[in-house]
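Read through the structures below before going on.
Each of the next two complexes has subunit A plus one more chain, namely subunit B in the first and subunit C in the second.
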Partner chain A sequence: MGRMKGAIVVDTARCKGCALCVQACPKAVIAMGKRVNVSGYPYVEVICADECIGCASCGIVCPDGCITVYRKRIDD
Partner chain B sequence: MAEQEVTLMKGNEAIARAAVRCGVDGYFGYPITPQSEVIETLALDKPWETTGMVVVQAESEVASINMVYGAAGAGKRAFTSSSSPGIALMQEGISYMAGAEIPGVVVNVQRGGPGLGTIQPSQSDYFQATRGGGNGDYNVIVLAPASVQEMADFVDLSFNLAFKYRNPVMILSDGVIGQMMERVVLPPYRPRRTEEEIRRECPWATMGRTKDRRPNIMTSLELKSEVMEVHNLHLQEKYRKIRETEVRYDTWQCDDADYVIVAFGSAARLAQKAIDMARDCGIKAGLFRPITLWPFPTEQIAAVAQGRKGILVVEINAGQMVEDVRLAVNGSTPVGHFGRLGGIVPEPDEIVDALRKMEN
Partner chain C sequence: MNAEFNGIISPENLVYKKPELMNEVPMHYCPGCSHGVVHKLIGEVIEEMEMEEKTVGVSPVGCAVFAYRYLDIDWQEAAHGRAPAVATGIKRLWPDRLVFTYQGDGDLACIGTAETIHALNRGENIVIIFINNAIYGMTGGQMAPTTLLGQKTATCPYGRDAELHGYPIKITEIAAQLEGTCYVTRQSVESVASIRSAKRAIRKAFEASMAGKGSSLVEIVSTCSSGWKLSPVKANEWMKNNMFPFYPKGDLKDKTSE
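Right, the complex of A and B next:
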């Protein structure tokens, strides 16, 4: 079994800053940002992309379907 | 039977899409978070190209509600939507509509207040919605959806009630229900009413005078107070009929409950989770959810309170519906309140803690 490497893309225009993904992420990849989107909501940002394992917990909990998760297997 | 199409969408999107399908004639609104997806969805779907529904971004909330006044005065199914500060601006128009007996629908996707407040969810417009909101002795029918499905379902219901009683109807939602995505089955398509149908169903509407009747005038003004009192008594009689026939509510796990949580809209959803958690810790709790906030289910709450150890009112505000619950219960059972303010949504375990405090 190889390791998983992940990457996420946040649809910041639809994010309402509920931060459920921040709590769900086991690797603290995501954090609330300081900027706000066009609706006025603070949105989440990826703060350490290298840590992402592509588990998709953030994508599963997001109530607005804002997070797309990409992953690929890295051979040891 | 054809299989129902289940889709995933936000509450605000459900309101917009349900309106198009229910044969609504016009939407007039002004963007405001957390409600903007209503007009955004309509702009995206372009119903003027399919059903002929008119969609206008007005120059303000005051203009929006008065456009609804004009359209509904002509017998059209028209609605507007906004969030708390915008709804505050509309109160003059809503009062005029109540006075002139004009059937329109207003959607309030509440946010924290007072003033411009926050853009996060709140239920702090309960007083404004259920006491009329503007000047004069009047009420609007207030429906409180607790799911995206109810956002969709209450559109047609609102218009039916509005035209049945010639009275404004408000859908009192909030930033939770408006913004969250859930499964929803939209109503089937129904064509907009034809001019002939409107003439038949709304003989009061201003759509061109015919030779066999006097002109129809939509106004809330009357200079003779004797005439105005008679008009007010007529309105009060109408409100009495609505109170008698249109109360809607829901109960959940109440049969064996020692404690009943009374909550509406999104707070009722939080309460359901809290009730599950409380039952796991041995506290028997149930839920009473008013669906119509006006008319308020006073008698039903009085009945459900009998023999309970306590009633806990959970609201995302400083304590508004709790006053109506206390009036209903009338001292027969202790009534407590739990709420968070300013756009903070309560956690279910905070509600369980509030239940525990009632127990001690």
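Right, the complex of A and C next:
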């Protein structure tokens, strides 16, 4: 029985740190970081990549289209 | 872990990315603004309908005035509130084009009320996307026609008072009464489920306009975290608790299958 494993790529240069993705993520994979980007906005970072299931909730709610989501079945 | 992680990030495993139509330029909208989500949905629907080369958007005066920078389709900027009149002309000259307007509540429900109602009543085969955040966002958070009773803004700091300011206007309910409209709905974009529902609504409206069934109005109840002076997450909560009771979501009229 395999399981779905996801991975996300955040475009940190365009992220504005609204944190809507942090709230949307069911697995607490992402969190607001402490650093800021070139526009002066804090941006989200992946803090727990192993938990990601690739549900794409973060990408769908992101108003700036900063998150790209990948998903793959991993066989145990 | 890294090897596994790297194995996942490859094109064949892609499940979500922003639509190709959306340009790489950073949007000027405030963090968490609903406009971005709606822009994405419009881009996705146009791509799914394969109408990239045959779509004309009409942008308003308001925060979305720069919409033409963000979606790579043809755009026409209209004078304040006149987007439905401009869209009428475009659609009549080019019936094979997908023509939609993208307007906020200040543009559509205030200065453009006449154009909006008459374009809808004539049954022009256009789609009006109506972003209702109950405030004037671009000019600094003044009271809008759709501002809720009791809601505080820069020009009604003690809350909107019906005796002094009148009542909030429900344009979508008015549109549903007009003979020319075929699809009138109210949606929102605060969660994954509501975003999917809003996308289906936009698709339905676009298809109805191409099928010549009449005009459609898709209202998106939205947030304005800067105008409301709340964080994006709290603005979504405020919208659910205060906007939805007065602006209930759902289809008000659907004659698309007739």
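Quick note on the criterion: the second predicted complex is superposed on the first by the 74 of 76 C-alpha atoms of A that agree within 3 Å, B and C clash if a C-alpha of one lies under 4 Å from a C-alpha of the other, contacts with A are read in each partner's own complex, and residues count from 1 in each chain.
What we mean here is this: a residue touches a chain if its C-beta (ideal position, glycine included) is under 8 Å from a C-beta of that chain, and two chains touch if they have at least 3 such contacts.
The structure presented is a predicted model; accordingly, all values stated were derived computationally and were not measured.
With both structures placed on the common chain, the touch criterion links A:A7 to subunit C but leaves subunit B unconnected. Of the two partner chains placed by the overlay, only subunit C lies in contact with A:A56; subunit B stays clear of it. Applying the stated contact rule after C-alpha superposition, one finds that A:G40 touches subunit B and leaves subunit C untouched.
In the overlay built on the shared chain, the residue A:G65 is in contact with subunit B and with subunit C. When the two structures are aligned on the shared chain, A:K16 is found in touch with subunit B and with subunit C.
More subunit A residues lie in contact with C than with the other chain of the pair subunit B and subunit C. Within subunit A, the residues touched by subunit B in the first complex and by subunit C in the second are 16, 39, 41, 63-65. If you check the complex, the residues on subunit A that touch subunit C are 5-7, 9, 13-14, 16-20, 23-24, 39, 41, 49-50, 54, 56-57, 59-72, 74. Across the complex, subunit C meets subunit A through its residues 1, 4-5, 7-10, 13-19, 22, 24, 26-27, 29-37, 40, 191-192, 195-196, 225, 231-233, 236. Residues 16, 39-41, 63-65 of subunit A are the ones touching subunit B in the complex.
Those residues of subunit B that touch subunit A in the complex are listed here as 8, 10, 33-34, 36, 119, 179-181.
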